[in-house]
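In the part that follows, the structures are each spelled out as structure tokens.
Look for chain A in each of the two complexes below; its partner is chain B in the first and chain C in the second.
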Partner chain A sequence: MPSIELHEVTKRFADVVAINNVSAVIDDGEYVCVLGPTGSGKSTLLRLISGLVNPDGGEIKIDGTGVNEIPPEHRNTALMPQNYALFPHMTAWENVAYGPTSRGVDPGEITARVSTLLKTVRLQDWANAYPSQLSGGMQQRIALVRSLASGAKILLLDEPLGALDARLRLDLRRYLKHFAKEFGLTVVHVTHDQSEAISIADRIMLLRHGRIEQEGTPRAVYFTPGTLFAASFVGDRVLMEGVVRAVHGETVTVEVEKAGEIRARARGLREGELTVVAVRCESLQLAHHAADGLNRLSGRVAEIRPLGSYFRYTVELHNGNRVYSHVPALNALGNNLHVGSDVHVCFATQDALSYKYPERGLAKEVEAF
Partner chain B sequence: MPTVDIRGLQKKFGEFEAVRDATMSIGDGEYVSIIGPSGCGKTTLLRMIAGILHQDSGDIKFDGELVNDKPIEERGVGYVFQDIALFPNMNIWENVSYGPRARGEPVDHIRTVTLEMLEMMKLSDRYRDPPSNLSGGMQQKAAVARAIAHGSKLMLLDEPLSMLDAKVRSELRFELRRIVKDLGLTAVHVTHDQEEAMAISDRIFVMRKGVLVENGSPSDLYFRPTHLFTAYFLGESNIFTGRMEESDEDRCVVRIGHSRLRAVGMSAARESKVAIVIRPELVEIDGSGDDNRIEGRVRAKYFEGAFVRYVIQIGDHLFLRVKTSVDERELGHHVGEQVGLSIDRDHVRVYEFPAGGLNKEIRG
Partner chain C sequence: MLSTRRRLLGFLGSLSSIRWVSLSVYGISVGYFLLLILGPATLGILSGLGSINQVIGDQALMSRALSAVFASFVLATSVSVLDILAGLPLAWLIVRKKGILLSILDALVDLPLVIPTVTLGFSVLLFWSSEGPLGFLGLPPLAPGWILVVLLHFSFSYPVVVRVLVGKMLELNLVYETAARTLGATPFTAARTVTIPLFSSGIVASFLLAFARSMSETGATIMVAGAFENGPIFIRNALNAGLEGPLVVTSIALTVISLVVFYAIKVLEVHFRLPFRRANVDLEKRLSRGLVPEVGAIAIVAVLLFFVIFPALSLSLRYAPATFSQQISTQILSGSGIWQDFWSGVVLSYSIGLLVTGINLVFSIPMAILISRGRFGKTVSTIFDSLSSVPIVIPSVALGVSMVFFWKNLAIPEFWLIVLAHLSITYPYLVATLVSALNDIPIHLEETARTLGADPFTTFSTITLPLARYSLLSGAILTFTRSVDETGATLAVSSTMQTVPVLLVNWVKNPFPGSELAVGIGTSVLLLTSVVILLVLKTLSREKRVA
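Moving on to the complex of A and B:
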């Protein structure tokens, strides 16, 4: 039963607190994605679990046993680092067999294990190929089973798809998940790519400045981000500043300067307070005539970019601000909107989340670059 | 006002043909990207345009003038690398003003140009910082600012966003396009990220195994690709093997397994083997279109944020991936449910079956 528990774990590097009092439980067989921007501490978290670095405070348990004093090789974890490198002078087979061989595992056992692993990733016919003869995706799969050859059931992945072509990355997402479930692995997968985390994870832990900002199912994190930072980091959202004019239980009325009033879901706001309203770009519908019961802002189409499965419409509102509406390709191909068209930007109250205006300013709070 | 004309460019590394007979014309003020899988030759092509590499044969002209024998520093190009290459010992101001200073331009001019660039990149309050104080995205913006301040009108960008976080990458691409357009620059941008290419460029060149396969606007290439490889590489596709039933210039009917589909026009012999491409987001569940109506059963369902992806089984052996938008309330169809699909015939595209087989054609 390979589960992982962290109790108030802290890790500092000189003056920097990389992991700040983090507590978390990862269940047996769970696939968890640790998501966050560069420098949020996600790789450190992985290295703490694997034992490559030791915590300054707190305790880490694997299968219910404290492992703070246990070296990496005895933790039942397999870490695949970001820059995994296959041994170029060894065949696929030798690469996978390397770990157990150097640990003196019985040769018969090694043969059985390696051939099973190669079959699992459908590379049994490539056992004698050298890394240079394999495609990027194949190399990735060899690296994956190489890290599992020691028999570990906890797989720690640090940006496992980061080095691959965008096209290949998409193909391998589903493969990773499928692979983990088939093997009954517990996986902690670190990534900065929110769409990757959403597609793969059973549960997402969003990390920021060494703390867990939010955790939950992909659906929960995507639709109801708990903080403004989470809202700006997960999914594509338009952020609008305004003032709370009225509070009605679960919703608020917000005045957006020179654009009118909108209704949004409330998050502990008071009348007169500054707020930021976040709306997912795909919830912003464009219409010549606004439907009843929806929020409505008016503007003019400034740019249309086809991005494949959806089109991105830039609408300049009458107050000068720009909002971005993501329209599914099927709708965009027939909607008769052009650059210069006057449109209403409509969205449901349900899809608008209002947050307290951040003390250090909006730009700083959601700063991505 | 740089236009770029390339004729018959070739480059070999030993026996390996990195670029074969590349020909392209890039208009003044155009933002062009070159996309393709790793190792397709796109970076080699860009380096030849820059003058970092010299071609074995073929011509490169800027504004109609041959630059074959000009070294990089005389070509007047700005080059932005994948790895951010700021001078670590200089602050942001010194980095951005480096070009004009090195040319000994008047102090006032240097100040104006540098300030303008920093403001455009929203970096003016960070001008005193050393690069290491800035995030990766800010550093890459400073690198772009430095290249532009250098005075070049032709920007060559080699995977400029690929080292950045996904979130930063998706925001910076629009900013990069805006800046290039505002300044009236010509840009050639190499990337393996097809969505980035769609977002940023006026025109996309698709490259594969050293060859420029086709080019066109993002919309044309996405919705009406001429080549099967483009349909595979740009965006996502269901690709099936089928047979031609009735063929005509304007319209045809193809068969996949036991399903007959009306498709766009394509001439091929009756019963010949064809490749059929359907984009997952162009299939409608419960749609009203009557070109093609198909019954299927939901076999799998994945939540992917803005989209839900279904795998739908049609008949015994046919599996169709379908992408559709959902929101929090509308949870879509459940696994096991019987659904009706409709597909417009314009969205069923038919290609000659590749001689070497499907896999070889698309994955190489």
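Moving on to the complex of A and C:
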């Protein structure tokens, strides 16, 4: 049975349309990441599902029942806001016990539930600490089990990892997913971090200006973004402007000014049209000699930065544009490229996606600085 | 017992989830405000609109009215500014520097609030007369006039400001101030750049309360005004001369001015930034170093003692020793003679005070939530926010007259008439403190509680109320003390019943042998009782302080 359904839901705040005619279905036990830039309506979506705000139009259903008129406390959807909202005047124990106490659960049952949950997140020794005495990670875990203790089967997480340090963030990504599956939860997890969404989600919903731009498995969203915006937002990509010179079925030949011609996948583009070609940085290979069957642009290495498991090479093309290639660290160590080396940037046609040039300009469309 | 309570709370909680129930709770609190608070306070005055020709037609009376209104405005503004300037450091001292001495100061601050205004005027007059410290120093006494009026207004509005500021500061997280300190700010700079801006809402709330109190106070001002005439005194003088027109004109003018000031300050609050210009950090460094803080603290305490506490207490202090004489203390305790009236007055005053505090707490909380959480939109909030302050800006003497007029045809028992008058006068204090406290509670805490399964009532009682309890207590103290010491309006509505302030006024007005002594002693007894009540309240509320 589907857990959460949105039918043409719209929410306005004064003149701003925060959620614009959104329809979506989130299945029972599914882990959905809602991804999008700031102001795309992500948090509003969570507040609509939890009942903190009511839609101006459309209907929300939970477990098949319309909930538009149902107040938050009867929806069984625990919301965990960005800063966790632990109650500062209550201990960790009291915070976790808050939900079941409010719902009138039997005191013995509450004690059992809270102590079990505190043990699962290994915070049983901190039961009597106040939130101000807990670290960020601890607070996050308390907020998590507090949501669970309330009996909610739907967990709404608003940037749950946003306030944590990088290392902890990676650990907790895995933990969150594991936690959700272990307790059979349906999770809607809001984030602006695409790598977080890709690594956790069963399904990603990319939100923009209050609409769903694209949805699908992380793999689909990552490898075949449906729009230029999706391509620029998910994954590190190089964007190149050019003109369509020829159309051959599913592929096109694009002339990139002063840099040569390349082949890319495209649908619905016509000859002579302006286009933007997007290629993931890790699909750009660097070579002294070009291999056959690949697209090739020439340039010079401008900068090399080791970033852990891969190196980021900045290559300045002959037309003055810069592209970035992510090279696995092992390959980078043996490729004999230095700053100043002449190099070919190569990539397969199937890794290059060509989109219609946006009417309002490239920078505006991808919301770059 | 416990399970009965749980069941009751559960029942209230499930009720609060029902939309029409919560709507009607708001509806009732709005109705309560309009019918019992605002209506009686204003309609009586408005119904006298016909009499304004008395003033408009009379050039001399008109110019008197104008200068009286102007005097009220200047007086209220300057006193409130002084209050804030002197109140901030004291509030900071009380909250941040703990210690027995400061606890005592904290309790002392409330004293002027429980002294009936008429006796307060009397006491201030006495303090600055040749029998006070001025005489002791060989200086000429202060004659009744504007200087004494300023001193008097300072002494009764300062406690209000400190009470509200302390309540707000207790709810303020120390972490921001500490952060500022580690970033290199001296204590003085940290206070100015971080602490003070963070509770600008508290400053605004207390400024407005002080302003309103000064605009409307009548009973005590009369005692020290001399030839000085501000709005309320003008009204009183005109009433004595049998003219009603000045009451209508002046009340309306004062109310309009106050509302404009309130609104302007609320708008400015958003853009309010200290410093107005680049601050002199070096100066602040010097101010934070060495003996300066200690000297500053001593100066502030001296201001409190010499301009507030001693003037307010001089009457009691003077006659307190007499209380211990065998004969008099027997008389007082046995309640014989005039003391019988006194004790029944005490019982009456405190019963009314408790009743008024209780009733107003119940009805003003939904109103405060409505205003601060914008339940029915921003405009509705702003309107109610402004309207709720109306009863304290109307001169108390005019308010009393308005009340009598409003209720006179309804044959309301006198006791309830007094209660109604006090409800009107105290309501704004409670709403103002509650609104400013609610504004400081992050709304996401309440929202999260809701999604965890807490209905609106449970959310309120487990999250909102505990987080706002210092302010709630401040509001309750202000309400209670204001009711116990209320004189002007009570005089207007009562005929046979005598609350303690009314009794003391009667003693002052109709002197008998030893009446001055009796007034002094009466005030002392009232003070002592109130102090005990306040201390108990405070201890109770501080018992469970969160780490």
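Everything below uses one rule, namely that the second predicted complex is superposed on the first by the 349 of 369 C-alpha atoms of A that agree within 3 Å, B and C clash if a C-alpha of one lies under 4 Å from a C-alpha of the other, contacts with A are read in each partner's own complex, and residues count from 1 in each chain.
We adopt the following convention: a contact is a pair of C-beta atoms (placed from the backbone, for glycine too) under 8 Å apart; a residue touches a chain by one contact, two chains touch by 3 or more.
Here the structure is a predicted model, which means the values were calculated and not measured.
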item: Residue contacts on chain A - larger count, chain B or chain C; value: B
item: Touching partner for A:89 - first (chain B), second (chain C), both, neither; value: second
item: Chain B versus chain C as contact partner of A:99, first or second or both or neither; value: second
item: Touching partner for A:165 - first (chain B), second (chain C), both, neither; value: first
item: Which superposed partner A:183 touches (first chain B, second chain C, both, neither); value: neither
item: Partner chain(s) touched by A:175 [first = chain B, second = chain C, both, neither]; value: neither
item: Partner chain(s) touched by A:79 [first = chain B, second = chain C, both, neither]; value: second
item: Chain B residues within the chain A interface of the complex; value: 37-38, 135-138, 141, 164-168, 170-172, 192-196, 198-199, 218-219, 222-223, 233-236, 279-282, 284, 302-307, 323-325, 327-329, 363
item: Complex contact set, residues of chain A against chain C; value: 47, 50-52, 69, 71-81, 83, 85, 87-89, 98-100, 102-104, 130, 132-133, 146-147, 150-152, 156
item: Chain A contact footprint on chain C (complex, rising order); value: 6, 10, 13, 17, 19, 175, 442, 444-445, 447-456, 458, 462-463, 466-467, 546-547
item: Chain B contact footprint on chain A (complex, rising order); value: 37-38, 135-136, 165-168, 170, 174, 192-196, 198-199, 218-219, 222-224, 233-236, 280-283, 305-310, 312, 326, 328-330, 333, 350-351, 367-369
